[in-house]
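Read the structure below first, then the notes.
By letter and in written order, the chains are A, B, C, D, E and F; residue numbering begins at 1 in each of them.
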Amino acid sequence: MEAQLPEELSSEQRAKILAEALPYIRAFHGKRILIKYGGSAMTQENLKRFFAEDIALLSFIGVKPIIVHGGGPQIGALLKKIGKESRFVSGLRVTDAETMDVVEMVLVAKVNKDVVSLINSFGGKAVGISGRDGGLIKAKKAKRIAGVDEDLGLVGDVDKINPEIISCLESSAFIPVVAPVGAGPGEKPFNINADTAAGALSASLKTEKFILLTDVPGVLDSDGVMISSLSEEQAEDLITKGVVSGGMIPKIGCCLNALRGGVPKAHVIDGRVPHALLLEMLTDEGIGTEIVREKAPGI
Amino acid sequence: MEAQLPEELSSEQRAKILAEALPYIRAFHGKRILIKYGGSAMTQENLKRFFAEDIALLSFIGVKPIIVHGGGPQIGALLKKIGKESRFVSGLRVTDAETMDVVEMVLVAKVNKDVVSLINSFGGKAVGISGRDGGLIKAKKAKRIAGVDEDLGLVGDVDKINPEIISCLESSAFIPVVAPVGAGPGEKPFNINADTAAGALSASLKTEKFILLTDVPGVLDSDGVMISSLSEEQAEDLITKGVVSGGMIPKIGCCLNALRGGVPKAHVIDGRVPHALLLEMLTDEGIGTEIVREKAPGI
Amino acid sequence: MEAQLPEELSSEQRAKILAEALPYIRAFHGKRILIKYGGSAMTQENLKRFFAEDIALLSFIGVKPIIVHGGGPQIGALLKKIGKESRFVSGLRVTDAETMDVVEMVLVAKVNKDVVSLINSFGGKAVGISGRDGGLIKAKKAKRIAGVDEDLGLVGDVDKINPEIISCLESSAFIPVVAPVGAGPGEKPFNINADTAAGALSASLKTEKFILLTDVPGVLDSDGVMISSLSEEQAEDLITKGVVSGGMIPKIGCCLNALRGGVPKAHVIDGRVPHALLLEMLTDEGIGTEIVREKAPGI
Amino acid sequence: MEAQLPEELSSEQRAKILAEALPYIRAFHGKRILIKYGGSAMTQENLKRFFAEDIALLSFIGVKPIIVHGGGPQIGALLKKIGKESRFVSGLRVTDAETMDVVEMVLVAKVNKDVVSLINSFGGKAVGISGRDGGLIKAKKAKRIAGVDEDLGLVGDVDKINPEIISCLESSAFIPVVAPVGAGPGEKPFNINADTAAGALSASLKTEKFILLTDVPGVLDSDGVMISSLSEEQAEDLITKGVVSGGMIPKIGCCLNALRGGVPKAHVIDGRVPHALLLEMLTDEGIGTEIVREKAPGI
Amino acid sequence: MEAQLPEELSSEQRAKILAEALPYIRAFHGKRILIKYGGSAMTQENLKRFFAEDIALLSFIGVKPIIVHGGGPQIGALLKKIGKESRFVSGLRVTDAETMDVVEMVLVAKVNKDVVSLINSFGGKAVGISGRDGGLIKAKKAKRIAGVDEDLGLVGDVDKINPEIISCLESSAFIPVVAPVGAGPGEKPFNINADTAAGALSASLKTEKFILLTDVPGVLDSDGVMISSLSEEQAEDLITKGVVSGGMIPKIGCCLNALRGGVPKAHVIDGRVPHALLLEMLTDEGIGTEIVREKAPGI
Amino acid sequence: MEAQLPEELSSEQRAKILAEALPYIRAFHGKRILIKYGGSAMTQENLKRFFAEDIALLSFIGVKPIIVHGGGPQIGALLKKIGKESRFVSGLRVTDAETMDVVEMVLVAKVNKDVVSLINSFGGKAVGISGRDGGLIKAKKAKRIAGVDEDLGLVGDVDKINPEIISCLESSAFIPVVAPVGAGPGEKPFNINADTAAGALSASLKTEKFILLTDVPGVLDSDGVMISSLSEEQAEDLITKGVVSGGMIPKIGCCLNALRGGVPKAHVIDGRVPHALLLEMLTDEGIGTEIVREKAPGI
């Protein structure tokens, strides 16, 4: 259900809100922002539209968004359709060649092109690529998980990023939308976790922000209260002390990787809020949790 | 007094208003907009700030604003201070050399640099020039007014525009702020009516819009009701039939000149409305009266 | 089985063959060549490698190849796997939304990225896109086939080409590999015949050549003898007189469309010959049938 | 009175003089030269014309001149006209807001545009700006003078130079003419001593030369004889030992500041000599006193 | 013997002469000037130096000089040395292969590189090429002279000019010095008359001026008085009526060819005058005879 | 006699040979290659053509060749013709002014332009220059040879390389062909050994390879067997131990100079083999001896 604007909202009030965006527009003008796109924002029809609209708007006002998307649920659906069952080890899908085919088809075609088309329907200039295009993401076979005997198959880690294709697209004001499939040994496709790929790209591209769109309000403290700002060290502490757990651990891990790579700020935000991206980028409020690099890398 | 936002305005509602701006941002991205700046918007402290903020914001989101300002009241004040009286003929100030000195000093220094500095205080990159800089405006002595015997002195008409300095500034994302003084014969300064200079520049620069900030709601019909849209022909009719009169006649004249020079739309808007520019450029409402070129020039 | 070089082939003989390529390299340096890739050259392992090697080589010596590929057999295989049957009307697959999903997944992900990766494994810099990326191919619903009552669903015709993304990729020496899916009304995916898409792109990009890789030696005359060169008029005659028939008719149709769009030469060549592209482009022999535009378009 | 050329001056002799300029043209080609313009050269009609002609010529032969001008006498005249008296403390004008208005109007409008127009009348492409344009000169309130209790008001020191607007103008071959008004806290105008502003700009822009046009022949030794060349150290000595005094002390101070900022040579030359600039720049004689940096900065 | 400057020539007088050059520098800034270099200016030591100095100076002040030189006397000297005699037919040297070798060696090596080096010794950036380099001058065998039975051998006419190498050199501010040898059929060297080559290059490059340095004061009328200015028609008349004769006829012919190719002015000037080029280009006097195109070509 | 291709060489076999070149084309794409051209490859008609064809081909496939040529035999021939005898000291020609004239004429005109024209006849874009053009090679008088009392005259060593003219030509895809004459003191021509000039240019231009075309199969070991690969150290050893002698010593010296200047590989190859360059650059075999830099310079 869309937000209703109060009847009495005058022109002046509308203008005031627009004008409030100025300092943020100024700050992010010409800057790269890496957005990991996933969760409800990618499955709920109206949230998808808000997201696409936000990306188009950010692009027009001079921000350079780069999107990395996941696609877990859609992959499961197709696997089911072809009667292929997946086994999971420590939450990772064991990926044989047939599964990889499905993963790639869903991510690179179905999901990727839907995101691209929706952005383009709002006048954006999105172009979808995978990590195999232009040698963007070189993958290596993921290390075995400690204590697990089973081979995960075509699950990969990021080995090397070659950002040339991103710069090429940006130079003509195209918006890159990246499916997290890498080119492994022999140029074979490897399944890379989307959060991981996003964090690695953010670090390699030295983006100004790394934003994770999730289905939670942000990082919660031990009382279940959202924390609005964390230092790197505090974020590490939360993991060590077991305050955060489950799916939030790898998310914070990707944020920390981005920060260590030189990104000044990472954000875990609630993709269920309409126009979450605009709110985070262009208003005083911000939403969700930010994790801040303590100091310049290497100093 | 600033607009108060209703307490209950939620994040979603804020975001919705920002998102509404997308189609306008898309439409004006990379386009030149000529704004004639004057009236209350140039004298009232809070309106001045709103205007400067709007210009900075437009510049950041990819619009290329060019500002031409007037300065009548401030000129009168200084003339009074030095005990110099002006005679007016048909509403035009008879301009001898001493008066011209005052005109130029007020327009080119005091008024121009105040506009520049205010925009810069919001992070814009404004640069103030006069029509004498870089040969921007060549002036010729204004024709005598029919039936008037008196020489108007250093009052000038636009003879030729050399837009090189505007393009140069734009190429580095500077915002040109132009004082309406032209270089007449012998490179002497000539006093040019600001509306006239603005219309001529708009036509020469083929801007996407020509916006006149005034102290009236717009063009009114014979019942005193504001007209929101006019064709060129209708605008001419209003003058011929005497519906509009007084100071509105030359304003519509400048609009028509801009349209004839190839500008698609001219707007007479109410500069007393806070953020009038943003409202006109980035919301569904628009404000004031637009005058629309009927067809492509020369077809 | 790979070609064996005669034992006695001396260095001089090798050098002579390399040197023979000079006039062709000279002629096509910096020129765009559109290659429709399909048939055995896309399914047989060694032919796939020869093709990828040829593309990489052409790219390195200064030719600008653009590849459009099909994928019929692979689509059928996946449809079968998910238990979806296709009905064909006049040889065209009736495409409902579920079928379109499969078409897009196979073309845009599986087939496209395999081509991309294979070229990249030879050092090329290929990037795979679909017609939905960057607004490359706008599609419209295909017209009903005369005398057929059935709606073909999401089968599309090319409505408009926006070549900006191709130029962008070329400017950084990337090799565009295009899957023939277009953005129809509402940015929905439409299935476009690969030959048709290739011909339309060739015409829009004003390529120097349009090359159709097929599984036949070329165009045959009524005695079954291959014709090495045809004028536009002669090609039209062959169709009118029924000399060519079946699948060859639309292939010649696409060639003629490219020629009418300004492409000087179209070629129907035998993709079953190893390194067919290199032979066609860089040796005296040429292979298959060329169709030649009679005169400059519009004269 | 203009110089008369001896009747007998032959073509050869004319050509010889032109040819003598070659080594100087070669040396300064493409180099920035900062000229502080003031004194008689700015008030005497024929000297003004010679100066403007020289600047246009230098610009055409590939030198990049940047001009900073003062305007003391003209300021005094207008203050007198409006009946405002100035108090001076240690030679600095106590500048209240009303005085600042006058200072800015005279410098930025009257004086600046007259210089610009005169250069343009010789075919140069001058553009006049103030330190408030494009954030060129950030000013801070000047420190109190030791032992003086009085606040000097809006008298400023150079806090920061942002040379972007200078580079922008130079990139289109415009000649920047700068009025020494800076943007102080709150973007308010501050009155900066022209010599000081010129020296700071020269250092920031790493000009090849810093030239002060004055109304004296150069720096004189204790016998009143002009010194043609001084090292930094010797120049400092002259001040310490009291050989130079009065207005020459701050002039040498600005020269030393420029040298410390990396400018290789500063010149104090006699602006009363017709074409003083050309003589200094393009002939064997040079005029006035040069002060030479002893060694590369920081070595 | 060098010109002596009168003792009493003051600084002001020197400066005045420099300043007089401004309008000429302005007019020729960025313009191409083709100079045919020959005669005494190329053989007399001090004149050679003046010429080289002038070229360097013109280049530094923004003129783009292109030099074409001859070399008749030096060719004769070497032919004599190797005991080869030349037969002349209507003033043209019958050129067999051995003679052509000598012609090319003298023009392309000895003469060309001496000019290049002398200009470079004054700080210019000259590069010597022949018409065979970069395909600059395609030559065809010269037509037989009417009524003459003898074949002239490797004497050529200009068939086609490919100016790419000239533009390439100019883009890095190099000064092209061209030896008049063309690439004939089979890329063989052909001997082209230097005046002819110069006129053809001037026309092809659309230079602003075509200047012929000769050993006469200019074109003389029937009373032996030099004519300072001629229209195309008047120049043709002088030939028709036999007023000019001998070597002056082909010189005027080349001038007329340049004018017909779109060059506005051709000059026949006296290379025996020191700094003849500077005098012609940068002073009020001009020297020699100018021939002026009457109207725009093709109108 | 040209290589005969075996009758039975099929299309596939031809294509295979072309395709074998891919890895080499990839490796040298956009790289500079310095080729010292001399010996039989420069005197035998068919070898000359093969060389020119190879250079044109390398240029078209994206390699940037730079050629330095010698010309000893041709110089001797002309000296003989004019009856001038040369004395040799330690293998170096004592070069008086008259001899220098001959050297320059032969190298810069005859030899250089023949190479240029032959390359151009194959569609290459060659431009011939000497070391005196654009200040490419500054020469100094060669040091006296130890123990030799005689002055060698105008024999020079490379003093300084200014590569601007090479970069300029390359930027327009011209192929520089350099005659080894340098500009000595007073811009006078100096005779520089071609191997020496080539090695110095290779080092200065940081070429990817330095290739010496000679009349021997390569460097031979003490048994007269060709060595295919040598390290720097091994090459030095061969000289020290006297395994190589005579003319091979300075050749290896030039190679070592190039390597020390940062060139990764130098090659001594047999110019008597048809298409020796193509074989060395584009086939698996390579020919002759390579000398490899052991490590990055300065590490």
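Heads up, the rule we're going with is that contacts are C-beta pairs under 8 Å (C-beta built on N, C-alpha and C of every residue); 3 or more make two chains touch, one makes a residue touch a chain.
Just so we're on the same page, UniProt names per chain: A, B, C, D, E, F = Acetylglutamate kinase.
This is a predicted model, so every value here is computed, not measured.
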Chains adjacent to subunit A (Acetylglutamate kinase) and to subunit B (Acetylglutamate kinase) under the stated definition are none
Output for shared partners of subunit B (Acetylglutamate kinase) and subunit F (Acetylglutamate kinase) reads none
With centres defined as the mean of Cα atoms, the chain at greatest distance from subunit B (Acetylglutamate kinase) is chain F
For the copies subunit C (Acetylglutamate kinase) and subunit F (Acetylglutamate kinase), the interface residues, called same if over half of the numbers are used by both and different if under half, are same
Chain-centre distance (mean CA atoms) for subunit E (Acetylglutamate kinase) and subunit F (Acetylglutamate kinase), in whole Å, is 35
Cα centroid separation, subunit B (Acetylglutamate kinase) vs subunit C (Acetylglutamate kinase), in Å, comes to 56
Chain centres from averaged Cα atoms put subunit C (Acetylglutamate kinase) and subunit D (Acetylglutamate kinase) apart, in whole Å, by 68
Residues of subunit B (Acetylglutamate kinase) that touch at least two other chains are none
Contact graph of the chains (line, ring, star, complete, other): ring
Following the ring of touching chains out of subunit A (Acetylglutamate kinase) and into subunit B (Acetylglutamate kinase) yields A, B, D, E, F, C
Within their complex, subunit B (Acetylglutamate kinase) touches subunit D (Acetylglutamate kinase) through residues 78, 81-82, 101, 104-110, 112-113, 116-118, 120-121, 125-130, 132-135, 164-165, 167-169, 171-172, 174, 181, 183, 186-189
Within their complex, subunit E (Acetylglutamate kinase) touches subunit D (Acetylglutamate kinase) through residues 2-6, 8-19, 21-23, 25-26, 29, 50, 53-54, 56-57, 60-62, 122-123, 273-275, 278-279, 282-283, 285, 287
